[in-house]
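Have a look at this one.
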Amino acid sequence: MKSGMLSVLSDISILRKGGLILLLLMGGLLATQSTFADDPAAESAKPEEVAPAEDATAEEAEEPLTLDSVNTSIGTVVFEVGLLWTCIAAFLVFFMQAGFALVEAGFTRSKNAVNIIMKNLMDFSIGSISFWLVGFGLMFGATNGYFGTTDFFVSGLDKDGNPDNWTFAFLLFQTVFAATAATIVSGAMAERTKFVSYLVYTIAITVIVYPIAGSWAWGGLYHGGGWLENLDTPFIDFAGSTVVHSVGGWAALAGAIVLGARKGKYRADGSVNPIMGHSMPLAALGVFILWLGWFGFNPGSTTSLDGGNFARVAVTTNLSAVGGCVSALITGWIMFGKPDVSLALNGVLAGLVSITAPCYNVSPCSSLCIGLIGGVICVFSVVMFDKMKIDDPVGAISVHGVCGAWGTLSAGLFAQEVFGGTNGLFFGGGTAQLVTQVIGIVAYFVWAFGASLVIFLAIKYTIGLRVSEEEELRGLDITEHGMHAYPYLQHVESN
Amino acid sequence: MKKIEAIIRHFKLEDVKAALVAASIEGMTVAEVRGFGRQKGHKETYRGAEYIVDFMPKVKLEIVLSDDIVDKAIQVIQESARTGNIGDGKIFVSKIDEVIRIRTGESGEEAI
Amino acid sequence: MKSGMLSVLSDISILRKGGLILLLLMGGLLATQSTFADDPAAESAKPEEVAPAEDATAEEAEEPLTLDSVNTSIGTVVFEVGLLWTCIAAFLVFFMQAGFALVEAGFTRSKNAVNIIMKNLMDFSIGSISFWLVGFGLMFGATNGYFGTTDFFVSGLDKDGNPDNWTFAFLLFQTVFAATAATIVSGAMAERTKFVSYLVYTIAITVIVYPIAGSWAWGGLYHGGGWLENLDTPFIDFAGSTVVHSVGGWAALAGAIVLGARKGKYRADGSVNPIMGHSMPLAALGVFILWLGWFGFNPGSTTSLDGGNFARVAVTTNLSAVGGCVSALITGWIMFGKPDVSLALNGVLAGLVSITAPCYNVSPCSSLCIGLIGGVICVFSVVMFDKMKIDDPVGAISVHGVCGAWGTLSAGLFAQEVFGGTNGLFFGGGTAQLVTQVIGIVAYFVWAFGASLVIFLAIKYTIGLRVSEEEELRGLDITEHGMHAYPYLQHVESN
Amino acid sequence: MKSGMLSVLSDISILRKGGLILLLLMGGLLATQSTFADDPAAESAKPEEVAPAEDATAEEAEEPLTLDSVNTSIGTVVFEVGLLWTCIAAFLVFFMQAGFALVEAGFTRSKNAVNIIMKNLMDFSIGSISFWLVGFGLMFGATNGYFGTTDFFVSGLDKDGNPDNWTFAFLLFQTVFAATAATIVSGAMAERTKFVSYLVYTIAITVIVYPIAGSWAWGGLYHGGGWLENLDTPFIDFAGSTVVHSVGGWAALAGAIVLGARKGKYRADGSVNPIMGHSMPLAALGVFILWLGWFGFNPGSTTSLDGGNFARVAVTTNLSAVGGCVSALITGWIMFGKPDVSLALNGVLAGLVSITAPCYNVSPCSSLCIGLIGGVICVFSVVMFDKMKIDDPVGAISVHGVCGAWGTLSAGLFAQEVFGGTNGLFFGGGTAQLVTQVIGIVAYFVWAFGASLVIFLAIKYTIGLRVSEEEELRGLDITEHGMHAYPYLQHVESN
Amino acid sequence: MKKIEAIIRHFKLEDVKAALVAASIEGMTVAEVRGFGRQKGHKETYRGAEYIVDFMPKVKLEIVLSDDIVDKAIQVIQESARTGNIGDGKIFVSKIDEVIRIRTGESGEEAI
Amino acid sequence: MKKIEAIIRHFKLEDVKAALVAASIEGMTVAEVRGFGRQKGHKETYRGAEYIVDFMPKVKLEIVLSDDIVDKAIQVIQESARTGNIGDGKIFVSKIDEVIRIRTGESGEEAI
């Protein structure tokens, strides 16, 4: 038996097939491997304020202790703990992929659950690769103000060829953010999009749409520096209400428009025929996972110890989330006569998206208000898009697009100097910040919606964006993936 | 021999079963079904859109029995399944030509 | 299309409705917003031993380095890392909400799954708000020994109006603890409680029952100092076997008694007719999530680096959990002839609750014993409550109430001076600690059970506590929320 | 009612039964409790380079500040933060148990879901206890090169009887690793193994197979030092591609061979009759949870701040995971004509297992290649084992055994000196490292497969390893545990 | 009285129901079934192994009605359930001896 | 024409199907049901409380066929579904008046 087992690895004919596929996969990569090892192109910069330093505990360094050396050691500790926090936050944000997969699977029909899961899995996978190859450079490379032009194919080595751990931590953190923007789209396009076409779009958003957008407001975090950072009153979007969520949301809007509604979503008389999801427990678990992930998303965006400000950000994040939950529940209850679980779950996400921009700059009380308003907006937005016949199975456009815009705007209203930055309109700061926020919101809408529209139309008229009617009826799981999500009956296979 | 098919409410299943067993009817087969009838279902909203739940979850009982206890069975079911509200369900009776017990190969009345 | 989309936000009639709801929601909040910004009432105290200090890495501060300044910088790092750990632990504890939701949903019928989820979602949401507004102050404000009277409506600003990040971290940590106590109740009251009435109770427990109880043993962690902390031999409840879990458990007991058993739980002859849950995989996942969360709950209760003692606490926590699991499994196996999954899962939780009080003060070996005993107690307790016709669908009273009491008691038996504190009875410390523990257990039982009983009876005789029989039969999902948990069939929608 | 409740605890007859069971459970433990408290046998060593130090913030120590004392304080901070990171990573690795449970439950039939969950729950529980009692000492105690002989029954006290938190953190971290190796086996043996026999094997693997194997390569992390660490070119297995995953995988192989295939897996003509799992959403969630856990598994294996290298490890880990996902998807697509969700999910795990050994020593680009190759290998391996009639329901042998071997080998190919260690074959380091890697792979295969084979055969011919045919047909849930995973129908219990 | 049993495609259920209601047939019971017929199912692979999905998910409609509207009902079902592809399903007609409405105890035609 | 309804064990479904196909019977419809009969179910405990699982999961096969092959079919089913233990199930035979193939509109024997 044992030798039989080992034969797996040596069976020539199998290996030949496998080798072929590998060659197809890795052509370019392997070719560049050696060059790349010798030539660490990227010039990397640790954040200015942190002096690189020897490991404080290294005894081998026989240099005498001085006040300066000790102080440097402290700087090193602070720096490394900042890396640790950035990484842990990135892990939490990574886990949001599971949250998205569950929310989207739960809110759609079981005949499309495999497809939804595959889309979430693949957009993260493909996105991780393409953001590493291209996106990161476009977003954070040295820039002309509109997109970066260096730092592609991140090696993580500094100019001396030594590993630069800050770059690694930052790359990881930014990768999971990019994947978030990408994955938002899948929910709005659920239950009717061709798998291959979705993969193509995923590449487009992680290679083009998101990185360019991101460079405008966040490029300065690394080697870049975008035009929105250089306004007189710089744009506030601490963790990405607009940069991540609205970009994803507006792309989702473009996708939903180009696709059209699911068959059966609208009755002959034009009224909405609701298509319910297949599992509220999965959806709810997804929301809890997203919520957990958001504690990495927002507080983690300090990407350093930063005087412990992550604690404050965590509090504002949570208060907005619960505010969104409560107000969406109440709004739905008043309007439709019952406490609707799907709206309450959307409300949580609405609150979270809303606070993502201003989380660093507002008080707990303000954050609760921002969440409360976000929850209400979300419910009205969901209903409006339904009325406009833009079919968004999971409410992604409302939650991420619209509430992302609201959150970004709210920074111009509720920001307080005491937390760093300027005062917003409600705190005597006038309209300067508000105007910047509006400029940002509009610019991002134009870019993200516009570019995505072009891409989706291009896909539509080439490889096609939507499955056939029969495939839609039978479900994408069996027609695209040859597999049911629940192949066996749930309760009885025994006797 | 006859077959009784009874469409009843879910939460009446235990009562009906107990009543049938009490009447010495000890074989039956049950299936989950969804029924459409006078009980028109109710209007619900989901995310603000209205819809009508017109297929109500029901349980279908199938009982094959000899002709002489059919009336008794019908009476027992009707009494134990009744709530008096619309949606209580229906009983259908039809003829069965033959019954075979798979285990033994017995057939006819003795196989029931 | 774009302008159509934007019209969502500008459509007057919709906005009018939304505005109305918002006004209803936020009246008070918005009114106090400005006052609050000017007047940071709370006098906040960072833990004494940590000197507030400049950021060690800030180069701008041109002050010369001295041994003192460097030492202060180290203090700052230690302080900020402590905040970080507190926050990460709080995130893990937050995630326990998902665990509770899944355990409770899994252990109950699918016709009530939406309702259970909604209850867990809303008790966290409402609880977060009400604890922030009132509960925190009652629990941690300056105190008369029985409840706090300051620190309501936490602004997180110190007396100079600057953000005090310790307060934020502590508020977050305590909020997720309070929500845990609240959510325990929902399991025991599952499948028959009116949704509105549950929400009312949630406010009561996070505003009154839990904070007052908490102030007795933990008030001194902030501005308070309760009577149990001031006994000669202070009460040991490191992470809340009693303060959180028993309080939740006894409240659950009161709720279950006032409600009465679910229809069908008892046969005409008085014997138990078990009502099984609908999904063991969901329940098991919930338990794993709770277990993960407990690594924040117990080790995180150090709320600082604390010499790395969190590692020891993590070990004792885990050994007790596995002890509870193994002994509950074996006990069930011996008594009922099979390895029962629901008892094994309850056993894990029993072990975790048991070790929550003594986790800091006992050895690994003792913690394993505490867990083993906790698992056995849990099984017997579950059976006894069933016999007493107190219907607790998920075993919350046994797990949290009874094992919470056992765990608190065990601190008086197994505590060892070497871990900080006094020796317990088994380690030559005599009965002093044990007596204090018993006093605490009894006092908390009287308060939590008594106060909750009054509240539940008040609800019962005003808005009513229990749904109608027909609603119970049809399930709360469709009758209270107009929605099924699994609206579509699981395995077939395609053709 | 209250007194009724309390009577639970005082009811004599119940307590008598309970006491009996407790006695059975705890005999030895309680007996050794006091000795153990007085006599902290283990001689513990903190990692050499970290000087133990007073808490930097303790004001009570009135000793004057000196450069040395301040430097020592910094060392303490670094040490304690290292403990914190080790613990957080351990929590993430712990959570992988939930991931394994879900993947295995999702990939098997619902009639065996309770059984799978129980196996995962119990192997962690029993494994935690037995690793603490025996395994840790065998693996990390002072050693003869082949297994350790001290440090059993870990007390965590140093020679002065004071708690040594490094030992606690390390014990926790190693316990969750041991449990991972154990739990891998359950997937390959799913749906046909007797529950009791599985528990016996669990004890064997955590007491014998894994610890002895582990001591060879990792013993030196504590008091040991195995022969593979002492080779001229030491064996590279940073986080356990071989030590953990291959060991688990080869044990799984032995188990699957001894058990034989599930009834119905092969048709009369010898062709494979696929037996699908019952829930792809659960399986996918499990994979995401495992992925999250791996961010503790690999980066956490730094077990200290280590200059922030965890960030680099996190990047290589993620790139390999996504590489495995993409290549497994594409391979499956080319070979079988459709994008298969189960292969894509296996591909993620293949990528993760593959990078586990070399994660510290390779570049991002190399890690992507390693993952891409791992994904392809995994698909071919799954197909081959199926053809060889070795029935592995979840692909554990391929994912953990085969890809673990590949990953270990890859360290000899792709390692780069710049990341610490030697250069591999592809980077001009010649074959030295490669040879060591091959030695390690073969040695571990021989031991893990051989020892497990003996154990499984011993179980087979004593208490029996496989359930009866009827039990298999009816499902292990009802026959072994008397319970269905989904006792109620999913969608209708109401009316 | 007759019973019509119709095995149809899932996604035709709404259409058939609407057509029946339009024809004033307002009582029916629906169940999930799996059908085996000429529509041979398709070959799928799972982890590289081929298998045939030969039981196709279908919906079974049961309608009890009086003799005079049977032909109308058959026609309505056939028209609304038809796609023209293999797998459209079948209609079976049999005799029912008795119908009882549980709620009222009415029997025969008036109970339908 | 006749309808055979057979209540069988779950794990016998594949065997029975294969045997029927071998006997050239190529149309059937299958449903999940729960059966109550002599196989009284077993006692289980859940959290210490006993209960009886009296509804056993079964599979129901419905086959409509022409009169001349009914006996053959019954024999085939009985042989392939039999284990000899209580709970093997039953076969019921009844008359079908009409069969229509939805796709083509064919009726009678040619529609089977």
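Worth pointing out:
Letters are used for the chains, namely A, B, C, D, E and F, taken in the order the chains are written, and counting of residues starts over at 1 for each.
To be clear about the criterion, a contact is a pair of C-beta atoms (placed from the backbone, for glycine too) under 8 Å apart; a residue touches a chain by one contact, two chains touch by 3 or more.
In this text, all values refer to a predicted model and were calculated from it rather than measured experimentally.
Counting only chains that touch, the fewest steps needed to get from chain A to chain E is 1. In terms of residue-numbered contacts, C-F and A-B present the same interface, as over half of their contact pairs agree; the other options in A-E, A-B or B-C do not.
The chain pair with the larger count of C-beta pairs in contact, out of B-F and A-B, is B-F.
Chain E and chain F have Cα centroids separated by 18 Å.
With centres taken as mean Cα positions, chain D sits 30 Å from chain C. Chain F has its Cα centroid 52 Å from the Cα centroid of chain A. Averaged Cα coordinates give chain D a centre that lies 46 Å from the centre of chain F.
Chain contacts: chain A has residues 67, 70, 74, 77, 79, 81, 88, 276, 279, 285, 335, 338, 340, 342, 383, 473-474, 482-484, 486-491, 493-495 touching two or more partner chains. Across the assembly, chain F contributes residues 11, 31-32, 34, 45-46, 58, 87, 94-95 that each touch 2 or more other chains. Residues 49-51, 67-68, 70-71, 74-75, 77-79, 81, 85, 88, 92, 109-111, 253, 257, 276-281, 284-285, 287-289, 291-292, 295-296, 299, 305, 307-312, 314-315, 318-319, 321-323, 325-327, 329-331, 334-335, 338-342, 344-345, 348, 363-366, 368-369, 372-373, 376-377, 380-381, 384-385, 388, 390, 402, 416, 418-419, 426-427, 449, 473-475, 477-478, 484, 486-490 of chain C are the ones touching chain D in the complex. Listing the residues of chain F that touch chain B in their complex gives 2, 6-8, 31-38, 54-55, 58, 60, 74, 77-78, 81-95.
By the touch criterion given at the top, residues 473-474, 482-483 of chain C touch chain B in their complex.
Within the complex formed with chain F, the chain B residues making contact are 3, 17, 26-32, 64, 94-103, 105, 111. Residues 45-51 of chain E are the ones that touch chain D when the two sit in their complex.
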